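Order of writing sets the labels: A, B, C, D, E and F. Residues in every chain begin at 1.
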Amino acid sequence: MTSPELELTHCIEFSSAHRLHDPALTDAENAKLYGPCNNLNGHGHTYRLEVTVRGCVPRSGMIIDLNVLRVIMHEEVFDHVDHKHLDKDVAFLAGRISTAENLALAFWERLAPPIEKRGGGQLVRVRVYEGSDSFVDCFGV
Amino acid sequence: MTSPELELTHCIEFSSAHRLHDPALTDAENAKLYGPCNNLNGHGHTYRLEVTVRGCVPRSGMIIDLNVLRVIMHEEVFDHVDHKHLDKDVAFLAGRISTAENLALAFWERLAPPIEKRGGGQLVRVRVYEGSDSFVDCFGV
Amino acid sequence: MTSPELELTHCIEFSSAHRLHDPALTDAENAKLYGPCNNLNGHGHTYRLEVTVRGCVPRSGMIIDLNVLRVIMHEEVFDHVDHKHLDKDVAFLAGRISTAENLALAFWERLAPPIEKRGGGQLVRVRVYEGSDSFVDCFGV
Amino acid sequence: MTSPELELTHCIEFSSAHRLHDPALTDAENAKLYGPCNNLNGHGHTYRLEVTVRGCVPRSGMIIDLNVLRVIMHEEVFDHVDHKHLDKDVAFLAGRISTAENLALAFWERLAPPIEKRGGGQLVRVRVYEGSDSFVDCFGV
Amino acid sequence: MTSPELELTHCIEFSSAHRLHDPALTDAENAKLYGPCNNLNGHGHTYRLEVTVRGCVPRSGMIIDLNVLRVIMHEEVFDHVDHKHLDKDVAFLAGRISTAENLALAFWERLAPPIEKRGGGQLVRVRVYEGSDSFVDCFGV
Amino acid sequence: MTSPELELTHCIEFSSAHRLHDPALTDAENAKLYGPCNNLNGHGHTYRLEVTVRGCVPRSGMIIDLNVLRVIMHEEVFDHVDHKHLDKDVAFLAGRISTAENLALAFWERLAPPIEKRGGGQLVRVRVYEGSDSFVDCFGV
């Protein structure tokens, strides 16, 4: 009999500055498209990152060691973005406009391989909150 | 290569009175079916509405302009229900018993067309919280 | 040596309808003073009530038995206001305009005597939340 | 025409002690596998249980009577685990290592039959929070 | 008989970038004093501002019109800081190191006069949250 | 001119087991006094500890270095109580019945000296949450 698959989700917060600005557009186009998020000197958020891993439950009772998941989330995301400027300080975001959508996609790319390799589960969702009223879900790339 | 689909969720609160009462039933039947929610003079909630839109991520990095989504949520729902009596003041709820389930269905009907037309994404979930311990999800009508 | 005084706070939620309306004013004056809160058919909230009791810590380690406090909060407030219309169903609110301020005052009057008599502590704060963004504190009457 | 299916979710909290320990492993192996969760004298959590029921919306407007769902959640889970030691006091957890994953599986087994029988809906998700930053979802057994 | 004094609190969120840096110190001293908050390109937060007003409860039942308080909070604080860089875009913060402590002091100075003049109550507390785990309270200047 | 005093609060969570039991009472007396909290095998909570420090704001803009406060909270409290049994594993709680009141008193005793010595501020409040609906405040010993 195969064990059913369950999902484990872990959440962390990070604090970053960013600015929505597309270098291919004029200043007026950027201002129109991104509104206050295009503010020249940037703004910031306390982001919340939720990562969900899916897998069978082995004898240990754990889909993935929560501590391993936490370490991966810190090494792959937190250590690069916390107390940073997303557009100026984060190599893996270079060339991407730092919307929550693009953050979720970029975080997925970094998180999926080590979760599968070191944790043995399968990444199935990356959720990024910008403040308490809005969030983005990525289910794959 | 097609971009993956992501989901964006936005949440707002509104404050309304309502009463669960089916005019086809006797008072005793209503009292039994709906319990304290059938209180003659009504009661109320701080509702929370979460709306989820699905779509590909274009060059702008945004599935849908959050401000457009916010305006649609206000025009189609908030402006009709906030600081209102759901059963007496809201034309689009006429003839529906105002359970969270029926609210979610009615909000879906109002939100889906403008989100597709003005926002370009696809409505995939309407969640309605009644208080902090209970909520209803609608995935289509 | 006297033991220091500590404070214990307990919180409950209730769901009520109400309407802000002063019978001594004209309809136009009410509409101007209370805005959407004056809506003819009322509106509602999920209220949160926080009650704080102060006292020394006896050998039991408990300022007041949390279960006694919970029973008092239910008997004196919750059972009268939950799933009710504050202006039509609640005897002890008769003649009061049901702002959060007046609710806090009325709850204080009901809660202070039994907390002192049955619980042995001293009521020092009644906090009433209307939604998640606004609350009123009463420290005595 | 068939009515669409919606989902209703209700949440409760409970407070329990537990210890992660596999009797088939040595003490050193347990300490390595479970880390601080293997502490000899146990530790504890304020757990949050979210139960989701799926069904069509009948004339009453309710997928399932929320009060029936609440009673089932209390009878099948809360009354057995609240203010208990999960490994020593809970018969239906005997022989299971009390990870959140295994709790979710065990709760599913207990909740699914009465929800279908007494409530008429279908259990589709059991979510168990350990603290505010981690949770497990079970979608079936 | 004088009415007792109550307190009304209202909360709003804003999203800003900032950097802790004292121009009178060397780069090494700044790095040591402010740690990651001194990151050259800045970082950001979703701040939460709670403002508390004290006053007697007049016949209207309202210490201060919540809408007036909300307008003052927006005009004096939100409109200047939301989606801005606190150190580069906010005139009234010029020359201050933008710690939560200094924000609370600066907000107090701006909020106290209009609350007294237009609202008729007395400002008694300004609370500034940086993320969900830390906040500062100012009780006067 | 003296700078006004402000307060900084920081919060952390910890997960512990405990049992309310007074060895000077009979089993029946304990069961009556503490109810389900007297369960023989114990129960547990996700506790939340909020610590408030008061002080003037120096040139740095910080009442106390938040990192220093965080280290003190971990060294003096978290490292001793997280993933522990409060009654069996924590030396500084020996002989105390582990109510939230007594925890707050014991934490105060440990936190006040290092906060004054290493941080330079004055401890003015220790708040201990047991779950999300109840908390205790200690203002001194």
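Basically, a residue touches a chain if its C-beta (ideal position, glycine included) is under 8 Å from a C-beta of that chain, and two chains touch if they have at least 3 such contacts.
From a predicted model like this one, the values you see are computed outputs, not experimental measurements.
Undergrad: What chains, if any, are shared contacts of chain D and chain F?
TA: Neighbours common to chain D and chain F are absent.
Undergrad: Quick check on the interfaces: A-D is repeated by which of A-E, A-B or D-F, going by over half of contact pairs matching?
TA: Repeated interface of A-D: A-B.
Undergrad: For chain A versus chain B, which are copies of one sequence, does the interface use mostly the same residue numbers on each side, meaning over half shared, or is it different?
TA: Different-residue interface.
Undergrad: What is the chain whose Cα centre is as far as it gets from that of chain D?
TA: It is E.
Undergrad: How big is the gap, in whole Å, between where the Cα atoms of chain A centre and where those of chain F centre?
TA: Distance between chain centres, rounded to whole Å: 33 Å.
Undergrad: Rounded to a whole Å, what is the gap between the Cα centroids of chain E and chain F?
TA: 28
Undergrad: Centroid from C-alpha atoms only, then distance chain A to chain C, rounded to Å. What do you get?
TA: 42
Undergrad: For chain E, jot down the residues that touch at least 2 other chains.
TA: If we look for residues of chain E contacting two or more partner chains, we find 132.
Undergrad: Sort out which chains touch which and give me every pair.
TA: A-B, A-D, A-E, B-C, B-D, C-E, C-F, D-F, E-F
Undergrad: Within their complex, state which residues of chain A touch chain D.
TA: Counting only chain A, the residues touching chain D are 4-12, 52, 57, 59-63, 66-67.
Undergrad: In the complex of these two chains, what residues of chain A are touching chain E?
TA: 13, 15-18, 36-37, 39, 41-46, 82-85, 88-89, 130-132
Undergrad: Going by the contact rule set out above, which residues of chain C touch chain E in the complex?
TA: 20, 22, 24, 33, 35, 96-102, 104-105, 132-141
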